[in-house]
Every structure is written in C-alpha cells, then in structure tokens.
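Notes for the one structure printed next.
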Amino acid sequence: MTGVVLKDIRKSYGQVKVLHGIDLDIAQGEFVVFVGPSGCGKSTLLRMISGLETITGGEMLIDGQVVNDVPPSRRGIAMVFQSYALYPHMTVYDNMAFGMRIAKESKEEIDRRVRAAADILQLTPYLDRLPKALSGGQRQRVAIGRAICRDPKVFLFDEPLSNLDAALRVATRIEIARLKEQMPDTTMIYVTHDQVEAMTLADRIVVLSAGRIEQVGPPLELYERPKNLFVARFIGSPAMNIMPVTVKETGAVTTVSLVDGKSVIVPISTETGANGKSASFGVRPEDLTIATGEDYLFEGKVSIVEALGEVTLLYIEGLSAKEPIIAKLPGIIDVKRGDTMRFSADRQKLHLFDADGQTYRR
Amino acid sequence: MTGVVLKDIRKSYGQVKVLHGIDLDIAQGEFVVFVGPSGCGKSTLLRMISGLETITGGEMLIDGQVVNDVPPSRRGIAMVFQSYALYPHMTVYDNMAFGMRIAKESKEEIDRRVRAAADILQLTPYLDRLPKALSGGQRQRVAIGRAICRDPKVFLFDEPLSNLDAALRVATRIEIARLKEQMPDTTMIYVTHDQVEAMTLADRIVVLSAGRIEQVGPPLELYERPKNLFVARFIGSPAMNIMPVTVKETGAVTTVSLVDGKSVIVPISTETGANGKSASFGVRPEDLTIATGEDYLFEGKVSIVEALGEVTLLYIEGLSAKEPIIAKLPGIIDVKRGDTMRFSADRQKLHLFDADGQTYRR
Amino acid sequence: QELKFAPGEDAKFNWKSYEDFKSAHGDLKGQSLTLFGPWRGEDEVLFNSVLAYFNAATGANGKYSSSENYEQQIVIDTQAGSPPNIAIIPQPGLLADLATKGFLTPLGQENADWIKTNYGSGEDWIRYGTYKGKDGKEAYFGFPFKADLKSLVWFVPENFEEAGYEVPKTMEDLIKLSDQIVEDGGVPWCIGLGSGGATGWPATDWVEDMMLRTSSAETYDKWVSNEIKFDDPAVVGAIEEFGKFARNDKYVAGGVAAVASTDFRDSPKGLFDIPPKCYMHHQASFVPSFFPADKELGVDADFFYLPTYASKPELGTPVLGAGTMFAITKDSPAAKAFVEFLKTPIAHEVWMAQASFLTPFKGAKTEAYANDTLRKQGELLTTATTFRFDASDMMPGKIGAGAFWTGMIDYVGGKDAKAVGGDIQKAWDGLK
Amino acid sequence: MLAQIASAMGVVVAGVFACALYYWLSDKLLSVALPVPEGDARKASANLNRRATIRPWLFLGPALLLLAVYLVYPVIATFILSFYDRSGGNFVGFANYRWAFFDAQFRQSIFNNILWLAVVPAACTFLGLVIAVLTDRIWWGNLAKSLIFMPMAISFVGASVIWKFIYEFRGGNETQIGLLNAIVRAIGGDPQVWISLPFWNNFFLMAILIWIQTGFAMVILSAALRGIPEETVEAAVIDGANGWQIFWKIMVPQIWGTIAVVWTTITILVLKVFDIVLTMTNGQWNTMVLANLMFDWMFRGGGDSGRSAVIALVIMAAVTPIMIWNIRQANRDMGDH
Amino acid sequence: MSAAASLRRIGVPRLILHASVLIICIIWLIPTLGILVTSFRDAGQITSSGWWTALTGAAETSAARLGDPASARQDGPNYNISGSVFDGGDVKSGSVVAFGTRVAAPTEFEAGKEADLGDGEKLTVNTDGSYFYVKSGPFDDKRGKRIYLSITQPPNFTLNNYRTVLTSAGIGQSFINSLTVAIPATIIPILIAAFAAYALSWMKFPGRSLIIALVVGLIVVPLQMTLIPLLTLYNDIGNLFGVSSRSYVGIWLAHAAFGMPLAIYLLRNYIAGLPKEIIESARVDGASDFEIFVKIVLPLSFPALASFSIFQFLWTWNDLLVAMVFLGTGKDQLVLTGSLNALLGSMGGKWEILTASAFITIIVPIIVFFALQRYLVRGLLAGSVKGG
C-alpha cells in the first residue's frame, strides 16, 4: 500500500510555527488536493512530503515506512514545481531523462520511458527543443513529463497551473485529469489556489487554514456541507453569502432573524441551548432566485449589476453585513441599480453556523 | 472634450507590421476595453496611446490635439502596467507621490492627493510599507493609486489583473468599477485577456485580432450578436460551440443540416445565394438544455463530466468537429461518461455564419 | 655557449691566465652554479659571454639570471632559504644587510689581501666588501667586479668646437663656462632626475661628487656612516653646491621644474639635439647606452672629469664610483672557483673588450678596452688619488634608496637645503 | 619547439585533470564508504544523510586548504613578525606599532590612502555605471564596452608607460611629448609637472587606476542593469521623470546591491594597489600609499620584516567594516535558501 | 516640417547620447592609442616629439656631414663638393626646408638658395637633398663639414621594435611558459572556487557565514606579505622530498590561492542567485550535490565562470612577481613578462621596446576577452540582482 500517512506533522521556522499538527491518511491511488488561503502552509506541507523541507515534529510514512529522515530522491516521489523548474540548458528530452540518467538506467529504458511520457503529453515534436523555445503550457507539460518519467509512487504538484493563462489552464487541467486516469495506482497530491481545479480534479479536498486542517472530504461534500464558516466561504465562487442572525427558535428546524428583523426558517436542527445566541446564516449566490411571491428570504437594494452574458451578478446592499450580498442569476436580467428586489432560495440549500463558525448541520 | 481619437493608426517594428490601421473614437468618460488573443497588438496600441511607443503612421488626438509627438508625461494620461511596475525601493506613499514630486507639487498637495487615493483604495494602513511586503492585490491597488494621483484625463490599464489569483481578481475588478463611478469624466482604456473583466467593466469592447479591429460595441451586443466567427468564439467562456453545416433552405428562416444529417431551423434570414454553401452554426454552451422531447437540436455521447458544484460541464463527442461540444448546465447533474444525450436550445439564441465567418444576422 | 674570443688568438688578452685557471679548476664537471644579478638586456648578454669562459674552463654549468624585481627577489630568496650560489649586488647597503642577517659566506682574508694588492685604491674596495656578520664579527664578503665611474661630464666636442668652448680644468672654469653659454643664448646643463620608482637618485651622485670637492674624504666617510649628521654644514654645503646648477633656471634645460621630472635616460639626449638643448651632462660611465644609437664615442660624444676647485688643492682629484659585488649566498666548490675566476685578468678583459666595462684591476691589460673613451675612464679609476664609493648605495636602503632621493626631489622643488638634510636625518634616526 | 609545446600542453592538461580528479574521486570514495544498499532503506537513508554532512567539506576542502596555507598562515606569520625587529630575530613588543604611530610618512600614507579610497571606488563605480547605462542604449554599445574594458588587459608596466606619454613634462619651449601638456600648451597655458604637483598628483595617479578599473565596474553593472524591469522605467517616464531623474531615482536604487559589491571589490583593490604608485613616483612628492610603504619597508635595502608587518596588518584591518557588512549580507542570504 | 521638428524626430537626446559615449570612448582610447603609435616609432623620435605628431609627419632638425674634403673636385680656382645630404646624415629621406652651418642657428638658410658662408665658401642645399659646396680655394678640414638641416618627413612607421622583441632569444619558450602558467592557474582556481561557492550557497553546514566572512577578509591580504613564508614552506617541502621547490604545480597553487577569495566572493554571488526550484528539482530527481553541481550549476554558471576566467587570466598573464618567486628566474623558466622585461636592459628606459612588448602581451588576453565576451555581457554578478 503506497499511501502517505501524516501523523501530527509539525513545522516551525525558528520561532515561527507554520504547521500545528497535521493528521492525514492518503490512500494509494488517491488524488488529494490541498487548498487554503495564501500562506496557510500548503507548500510547506507538500515540500515536507517531498523531503525538501525537514520535519520539525511528528511522523511521516510513505508506503508504510517512516521517511522523516529519508532524502527526497529515495522517497519514490516526483514533484512538479509552480515555476516549472526546468533545466534551462537541457533539451526537453534531456530534462525528462535526467533523473533516470542519474539513476543509471539503461539507454533503451530511458528512451522508452521518455518517449512514452512525451506521447501522453503530446510533447514528441518538441523533444529536441530547449525550454526557452517552448510556450508556457508546453513547459508545464515538460515539467509533468519529467515527473512521470520517474515513475513515482507519489506525485506532488505545487500549483502547477498558476502561471498559465486561462485557456492553457483549462487544457492542462484536463491533461492532468487524463493522466490520473492512466496512472490509477499513483497517489497524487496537488496544491492549488484555484477552486475549479480543486473541484474538478480531487478525490478528496483538504482545506487548510493557518497551519491546521479545517475539513477533509470529497469536493461536493465540501460544497454542500461545509463543516464551518471558513470552508463555507472558501469553497465556491463568488463566496457564500453570510449574514449575522439571531437564533429565535430551536428544534428540528431552526428559526433565525435577520438584521432587518425578518425571520427565516432553516431546516437544520439545533438544540435548545442555542436559543437567543447569535449565529451565521449562509446561502450561496447561485442558490438565490428572484422571489415571485411573498415567500421570500430577504430583500435588498441592488447596488451593482454585472451582466456576464451567461449569468448576471447582482450586488445587494442593506443587509448590514460589511460585504454586499451577491446573487448569481442565470441569463441576462433586466434590473437597474437602485431597484429593490426580493430573493428566495431552496430551503435545503441554506446553511447555519454557530457563533464559533461551526455548522449546526450534523 | 477629453476623448481619444485614433485615425488610421499603424505600427511596424522594422519590417513587421503589427497594427494595420486602427480607427476608433473614444468619447470622454467612456470605459473602453481592448480584448483579443495574445499577440494581436493590444498592448502595442495602448502603449502608443500612452506615448511609450512611437506611432508609425496615422494620427492620434487626445482632447482634440494631435499628440503624435507629445511625450508621455504631457499627454495627461496615467498607466497601470501588467506587472505593477512599482518602484521596489520606495514605500507605497513614495510610489504614489513620485509623479507629483517630479512635477514639483507642494508638499501639502501631494499629501492630500496621496491620502485621498489611499483612502479610495483602502491602502491607508500600508502607506509606509515597501512593495515587497504587500500581497499581489495590494500591489495592484498601489499601481492604480499611483495612476489616480496623477489625476489623468485618460486612464490606461494593461491587463492589470492578470497576475492576481481568482479571489483578488474579483475584488480588484469591483474596485476598478467603483473607481470608474467616482471619476465619471475620466476616459478609461483597459486591455485584458479576460472575458469576465471585459464584460463587466466595459461601456464598449473593442475586439482586436492580428492588428485589426474585428468589432466594436457594448458587451451584450458582442455577446448576443457577434459580427463574425472570431468574435463569436472569442466572447464567452467556454467558447461558443461551432459546428460545420450546409445551408439547405434560405429565406426568412434558414434550414441547415449538421454533419450527422440532422436538419436544424435557424430563425435568421438568408438570401438565396447562400443555398448549398457550407456555413458555421453556433450555439453557446450555456444556451444548451437537456432535451426532454423529440424536439432536440442534436445528440452526442458524453466524454467528460466536470461537476463544479454550481454548474456541470458536459463534453460531448461525435459531432465530428475537432473539439468536443460543451454544454453548461446549472446545478449538479447525474450523468456518466458514455451516456448519449440530446440537447436543445432556444432558437433565438442560435447563430449562423457564412463560409467567410461573417454573421448572416443583420 | 660559444666563446666570444677564441683563446690564444688575440694578443691583447691575457690568455695565460685563462689556461692557468683551466688547469687549476678543471675538475668541476657538471657542477651547477647559479648566479643572480641586476644585469639585464645587453649587460646580461655581456656577462654571459664572460661566464662562458668559466664554464668552458671548469666544465661547470654556471647559469646567470636576473629580474626586474631584483631587490625583492634577493630578499625573498635568501630569507626563504633558496638563494642562488652567488648574488651580484650593486649596493653595499644591501650587502651589509644580508651579511648581518647571516645569509653570506665570508670570502676569507686571502681574497681581501689579493684585492688590496691588485686593485686600484684596493683598501677602499675592501672596505666596501667588509661587514659585520651574524656573529657580530667583521668579515670580508663582497668581491668587486665591474666598476662604474661617476665623476664624469659628457659633452659633444663638435658643439664645443663650433662655439669655441674649452674643456674646463677647474670647477671655477666650469662655472665660468656655464655662464658663458648662458650669455651666448644657450643652456649649459641637462639634468634629469626621473627614474620611475627610483626618481631622485641622479641627484645623489651630484651631491656626492660635490661633497668630495668641498670636504675631505674622511668627512665623506663620516657622512656615509652618519657620524656627521645629514644637516651638517658640510653636507648642506654640498647640496647647495649641487643647487648652484640644478636650481638655476638659466643653467638647466627646461628650467628647474623639468629637473625632477625629466627621465635620466632621456636627459642626455638633449646634448645631441639640434640646436642643442644643453652642452653638458653629468652622469656615470654607463650613460652612453642612452645616447642615440648612431653616436660614436670619442667623436660625436666625449667626457671630461668633473673638475675640482682650484681653491681647494688639498682635496686632490677624488673619483666617485660604484661597482657590483659578488657575494656567495650559497657556498659550493663552484662558487669558490668562480671567485677565483674573477681574479684572472681574462675575466675582466673579455668584457672590457666588448663594451661598458671598467675595472680597477691593475692586472687586466688596458689594451683590451674596446675604445679610447673606456680606456681613459679605466685609467682614471686605477690612478685616482682618492676613490670613494657612491654614498647613497652604502647608506641604509631606507636612506640611500629612499629618504635621500625624496629629499633631493624636495630640494629641487624649492625646499631649503638645511630642512631637506634635517628631514633625511630624521628618517635615519627613525631606523635606529 | 614542438616538443616544448607538447610537453607544456601535457603539463597543463595533467594539472587541470588532477584537480578535477580530486573532486570526482573524493565523491566516488564517499559513495563507496557510505553505500546505499537497495534493500535496507533505513541504512540507505542514514548513509545518504551522512554523505550530506560530509560533502560540503569535500567541496570546500581544497579551497579552505589553499586559503589556509597561502593566506591565513602568512597572515598569522605576519602578525607574529610585527612584534619582532627588522631581522625577525628579536622580540620587541609593540615598538613597531609605536613607530608607525609617530612616523610622518606612515601618516602621509594613511592620508593618501583615505584619499584614494574616497575617490577611486566612487569614480570607477560611477563612471562604470554611467557608461553601462549609456552603452546599453546604443547599437554599437558592445564595441564601446570592449574599448573601455581594454585597459584591464594591459599590464601595470604597460599602463605606466602609456601614462608617461600623457603626463610627461618638457620644460621651456621644447616640444611636449606628454599629451596633457601639449594640450595645455595649445590652449595657451603653462605646462605643468603633473606628477609632482603637491596634493593633486595623487589624483593624477588615481586617474590611471580609474582608467583601468572602470571596465570592471562597467561589465558587472551592465549585467545588473539588465535585470531592472523595463516597466519601472516606463512608469517613471509616464510620471514625467527625465533621464537624469530616472537614472538616479529609479535605476540606481534598484541595483544598489550590485553597486555595493562592485564598490567593495574596488575598495579592496585600492587598498592593495601599489604597482601604479611604484612605477610612476615610488611614493615621492607625497604620493606614498600604505601598500607602497609596506613594500618599501619589506624589500628596500634588505627589508624590515617587523615594520612592514605592521603596515600589512593596518591594510588588512581597513577591510573590517567591509567584512562585517558582508557577514550581515551572507546571513540575510541564508534566510532565502 | 520645420528644422526643429525634424531634429526632434531624430531626437536631440539620442544625438547627445551617441556623442557622449563617443567622447568617453575616445578618452579611454587615447592612452592606448598613444602606446600603439609609439610602438611603431623610432627610438629617437619617441622622446623628441609627441606621438600624435607621428600621424601627420613633422619637420625635424638633424645634422648631416658633407662629403670628405678628399673627394673635392677642382674647377678652376674653385674646389667643390657635391652629393646628397641623405647619404651621410641622420635622416635618410624627406624634403629639406632649410639648412644652416651653426648648431645654434640650424635653419639659417632657405633650401635651394645659395648661402654665403664667408671665406669664399658657398653652399646650396636643394629641397631634394642634393647640395653643392664650393670654395674659392682647397678644402683644409680633416672631416666633412657638419651642416644642419630642417627636413620634413611623411609619417614614418617602423616594424623594427616588434622585430626586435619577437626575434629576441627565448621569447618563444617564455611564451609557452606563460601559457603553461596561466591556463591551469586560471582553470584550477575557478574549479575550486566554484565548488566552494556552491557549498557556500546551497549546502547547509555549521560555520557557513563565518567562512564567507573569512573569504571576504582574505581578499585584501597583500601578496608581497605572503611570499617569504610561502617560499620558505616550499623550500622545506622541496628539501623534504628532495625535489625542486620551484615547479609549475607550485605556481599554479599559488596563483590559485591568491585569486581564490575574490573568485569565491564573486562566484558565490552568482551561484546563490540561481533559481532555487531548479536545484530542488534536481534533488528530487535523485541527483547528489556532486551531480547537481556538475550537471546543473556548472553549466548554468557558465557566464560567471567565463567572466571570472577573464579576470583571473589577466592577472596571471600579466604577473611577474609571483612567477619569478615561485617558478624561478632562469632562462627556461621565464614567463613572457619576464623575458620582455629583460629586454629593457639593466636601466630600463627603452620605451620603444616597452610599448611594443606591451602590445604583444596584450594580444592573448584580448583574444581571451573576445572569445568570452558574449558571456561577459550577462556575466559575473548577474546573480547578485534578485531575479537576474
């Protein structure tokens, strides 16, 4: 079993504690994505798995073996760096062959593997070029190809797409998805900032924040049932609208009151203790619809209208949260700034979090 | 009238012609966005307006005055560069004050304007920091702030957001929109790769391709009535699905036949001359819906499913175009790879282009 | 290497001495001998021609080398323990220093005695080779070979002829002649003190010559040993005597300002300019090698002895000179044999017969001199009533090759002679 | 001749090869001594880690050895010698230091050295910077750079001859063979003896070193200038800055680090420079500098090892501030990696 | 378009830019040009006229001797001598402007006119150098009469100086010696310094910053100070093994060590600036530090290595002192600078030889410079700038 197991992994740079005890089991063949805000420790964690960063505390196992002191080259990993990190003086072929040459593989074996990787990544025509003669997307593919050639047990990606433009990003993302399919036994760990990448690629997403794991789970679970406010706001774009509320009634369903006094019934059960406490009520912009009847969730004044063609974003003020509430409505909608509108939403898609930001949903 | 007028503007680098005669009138206070594929000459055009690039041919007027030979600093413009271009050795304050110091403004005036700009951009807490201690978004705001301080008649942006991550991009975009509102008399010219930016910000979008203007118009016009295939494919994401068709019947509505033989009636009038000619038939991914009855547009096999939470993307093969047809369906949809599905669309939202790529729509 | 003059052929050489030496020292076959000295360029070629006779006679393998950084090199080599067998040293001061530090092998009394009997002013020459060793005892270390004569004034006979000038016999006449030249619209002297890193030294020769013409030889010796101070009236007087020439704008070509900066190698060329930049030039016997290439000695250029004051007959005809000393820095039979070789007339005659070599050795045939000019100089050297070695070369290096030079530059630059002497004395005091 | 060339080539190849061989062999040896067995993962990684601790010293070894033998050991020897008399035989305590303190020439040298340090690094760096900026903007810039670099290739002896023909003075109405005086004469001035003009002659000597070293500064700074993002300059153009302001306020601050390194290197070079002074004036006319004074005391007339040692130590002590600055710099770099 | 406008099109600033670079280049070139011109001149001319006059040609005064009185022909009561002043004069060609018979007034008479010298003597010297000297009685001097001439000559250059230098004995050997010293003395320290610089920038070990500081401090150690202790050491080792203390290995190591601190200092600046990811990536690929250095860092540092080689080569090539001390002063050990120096004679001062040999020695470094220059452009401290 070529999984990666992290047991209470800690990291500090001198006095600065960066990771505060990470526990995580990654199964063989799993595709795990680390997301989290900038500076939360994603790269650090990945680099510790690769062995490029020493481990301050805890234990790391790859393939059942403690690897805390094993140098990177002996961990059976391959890594794709954010900045490609190609060897600028070597051709694409040599870049991919480098690791195997170091490992003293036979010429034929090297050639076979390089060509196979180039094939997968459609790099065959470029094998004799130097990196500087490649476009950004091609470079990234070379970096991936180099990793493939190592035939690693664990594949590490650190924001591999962040330097690409939108179109390339989509194309390369699909390439990575395809790669995963072709290498079903390889464990892949992927760091990204990007929602879409995380959602489309991951078997499981690990949400990190300030050196701690906030939630681990499959993408849709995170989207639909965020464990806490942090995850709720982090997953989804535009972010989930959060409104401060007070709990009015508890029970199988909970009644809360918005700042403007309006009551909303949320089909989430709460215990009596919560009664009267302040809480956070959340609804995703894409779950909002324009209310037709009196049965609306809230109303507000439109401050900005962004028509994107396919969807229209409305920014609604007046619910006293610092940020405006955003509604994402399909198609082109004819509203003007200053219009007051009412919105409703599928009650099943409402979220409720306690004062500490933990979800009330069990 | 502080408009910008371009009359047959041309640019060549030695033998290489980059711009082939651009004619454009930009009114005072207008927000114009240049879009186009990489290398089409957007930046060059912007830099010519700024005066950083010499003009090879044609005439440029700002505020009614020919400015071909006027140096940048005297054109009343300000520019925000793609790579921020902050002075790394100066604090945020000094970065913003630099231009005014050069112009020998009084200390009080400088302070007043810097603080006002910092206020607008919420940079006040960072005024004493060096750029390297700022996050990407903050840096970009400083770059904008620097431009605001110049109190320009014309504001130029060269892909100001392309270096930011998704969240920051949205936030900064909104900031720019707000800025535009606060400076209604300032003309703004904005270069971007990004659809969403172009659609949300522009009063008018200028689509450039290979040094020529393809279409000029308000965003929704470009989205709904692209003049030609290039604009059709360029505006919208994922791009409009284009299928090769043959015109079967002409008249007030046109009948075309798809590769698989199926006929489709498009409510666009064509002249008889078009009969029997090949044409391109287009439909946007977001305009596709799952056909419930027999009245469908086309059918195909699903090759990839990407569930993004809010929407699901289906990649459909079998319509012989090189690229798969994409359908963007709201919500989470339960389909599997290999399923054959049928799709329909609102007939009003279909597009038809002649063999040269020009729209049939008048 | 081929022998320049085939042994036995030319009667002006003492071939017998060569044969004698050969039979006495023919047993050094294959032994190597390293010599390190200051001669480079033509001098090196000439010395090698002398060395060839030694090699031919003994079968030894003597090799001479030199270096621009001669002075550093010898200090480094001796201190580091890898000296040559024989060091050829032009400055007695350096010789003394090496001797005190124990790097030299004494040559023994018999060599000293030999010099005494066979060299002109032999006693003086011995003095310049005798120093305290590491043990504090005086011993004889330096064998003089090749001398330079300093008290010479060079001129162009035809220029004198044309203008009707006579070679002066007394210092008074010399000054009168100088005034005469000025009156005729000419410039009497070319003086150049420039010498890159050694700028100033030609002035020390002037001062030394003047010292010998104004004070007794004993005062001169006391000056060298600092028994009288540098700012003693006798010394200051000599400096001012030099100043009569060098600090007189009318006397020197280019004016006083040019004196310090004109290179001593360029300076004599002024004699040959047309019209002549100057009529006279005080410089040592080596200077003809800086004359323009086509000038024939004795015809196009000649010298006269820097005359003495008629008012001071008691001082006789003092001669200022210099010479190189051979010292054994690493003893070996070959090194000893080489010193023996230097005692043979042939060692001197081979060089005399080619160029630029003077010797006080009375055993060498004067017929061997290449030309009359050299012969005249050679005779001056062997017949001098008083011979004194260049003072600056004998003073401690920091003075004779430092403070003295600098002082002279300052003096020519306008500083008072007394103050200059004081400065030099202060530097000397600092050494103690 | 051919045989000589062949044997020389043999020697050259053997020498270089032997040096390379050391690194290759020592690395091989290390892998043999600390093997990485396929099966035993624990031992393998332990040995790999051990290799990683030993390897820096293998890499540094030859450099440290050379530095220790050729530089550190002589420095220590020098330090000890500074307490002995001229022959190095008798202990004299601080007498040599006391001497230095009261010696007028020593003071003069210190003064001149400070003058040199104030002028030459600044001038070289400034000129190098200006030339680098200007030549980057023209099509024949590379040719211009080559010309300015050329003096570096000329030996000091050659350089001093060259300058002889610039500074040479001929008195009276003679034709000047020094260019400077010819020019002065041509514009109606009085020819000067440049190298003996008190005080100013220092500057004429400095001109020579500046002439030589500017090429060095130029080459390095021009590389650094190319690292400046073009956009910051363009931004300044739009902000209305002129060329001068852009140079001073935008470009210079951005390559400050490199300027400091160039400055350091030239400062150290200036402390060591003595060939120029030696060949031009040998320190006369009050142009003595420390390195020359040391040289004088070390070799002239048999030498005085004690006093020259003291001067050498003073020269070395002069770099202390630079060393401290560099330690700081190095420590900051460490954070990056 | 007005003139002012068209000037603006070309750009006054650009004109100023070109002009100022040109001026700087000329100022920098003048000294070198001076030495180049001088090296092609006659020894005599060098000290008598400025080198810049050699380019235009100038009038020169010189002396010549008329034919021997014995060669006089009798023509009635008159005796005459005729010939050309260029036969017996210092100057062998040119055109005569004026002549004179007294050294104090060497240009008393115009060329081509008859000069009355009194005593019935008359002399005519023509522009082409032919003269006619007539006297109303027999000539009674012992030698030919000396006259003085002002002669203009076209620019006159000679290759003699170069011939002298290049044909002097041992020059070939010393050239080979110089190369034998300089090539390894360039490559070895760079190799050693590069390894050390790599260790000091990319490997972690205790005492790293201390070593860096030490290296910086050692740049300043005066070379002269080290010579005696080192040579003593060499001699001791030589004696111990019974070999000569002076060998190529000895001088290579000496040069290597003297160049080492600066080499490490400058190379470290560059190597530390290489992108971190590339090195980590190689580490993940399984490369040891040795392999990373050889296969990644070395090729990538080529610009810095090449530029430092130029500097180191210059120093070793132009060095004399170290070579003399550690290699010896014998004929067959002499390096090029040494053997050229020997040509100058004990007293130096042969400017024509000095200038010619300065140009001969400069050739090899210039070749090296041009060969490596394209790396130099991006060279040396490119790494000291972040992101460079």
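A few notes on this one:
For clarity, chains are labelled A, B, C, D and E in written order, and residue numbers in each chain start from 1.
Criterion: a contact is a pair of C-beta atoms (placed from the backbone, for glycine too) under 8 Å apart; a residue touches a chain by one contact, two chains touch by 3 or more.
Computed from a predicted model, the values in this text were never measured in an experiment.
Think of the whole protein's Cα atoms as having one middle point; the chain whose own Cα middle lies nearest to it is D. Between the two copies, subunit A and subunit B, the Cα superposition rotates by 175°, quoted to the nearest 5. Here the largest set of C-beta contact pairs joins the chains D-E.
The distance from the centre of subunit B to the centre of subunit D, with each centre set as the mean of the Cα atoms, comes to 55 Å.
With centres defined as mean CA coordinates, subunit E is found 32 Å away from subunit C.
In terms of their C-alpha centroids, the spacing between subunit A and subunit B amounts to 27 Å.
Computed from the mean C-alpha positions, the centre of subunit A lies at a distance of 93 Å from the centre of subunit C. Shared contact sites, meaning residues of subunit B that touch two or more other chains, are absent.
Each of residues 72, 75-76, 79, 196 in subunit C touches at least two other chains.
Residue numbers of subunit E whose C-beta contacts span two or more other chains: 47-48, 224, 228, 230, 341. Those residues of subunit D whose C-beta lies close enough to touch subunit A in the complex are 36, 41, 44-46, 48-49, 52. Of all residues in subunit E, those touching subunit C in their complex are 43-44, 47-48, 61-63, 90, 102-106, 146, 148, 224, 227-228, 230-232, 234-236, 238, 245-246, 320-321, 324-325, 328-331, 334, 338, 341-350. The part of subunit A that touches subunit E in the complex is made up of residues 50-52, 71-74, 77-79, 81-89, 98-99, 102-103, 146, 150. In the complex of the two chains, the subunit A residues touching subunit B come out as 38, 162, 165-166, 170, 174, 177, 193-196, 199-200, 219-220, 223-224, 235-239, 284, 286, 304, 306-311, 313, 328, 330, 332. In the complex of the two chains, the subunit A residues touching subunit D come out as 65, 67, 69-71, 73-74.
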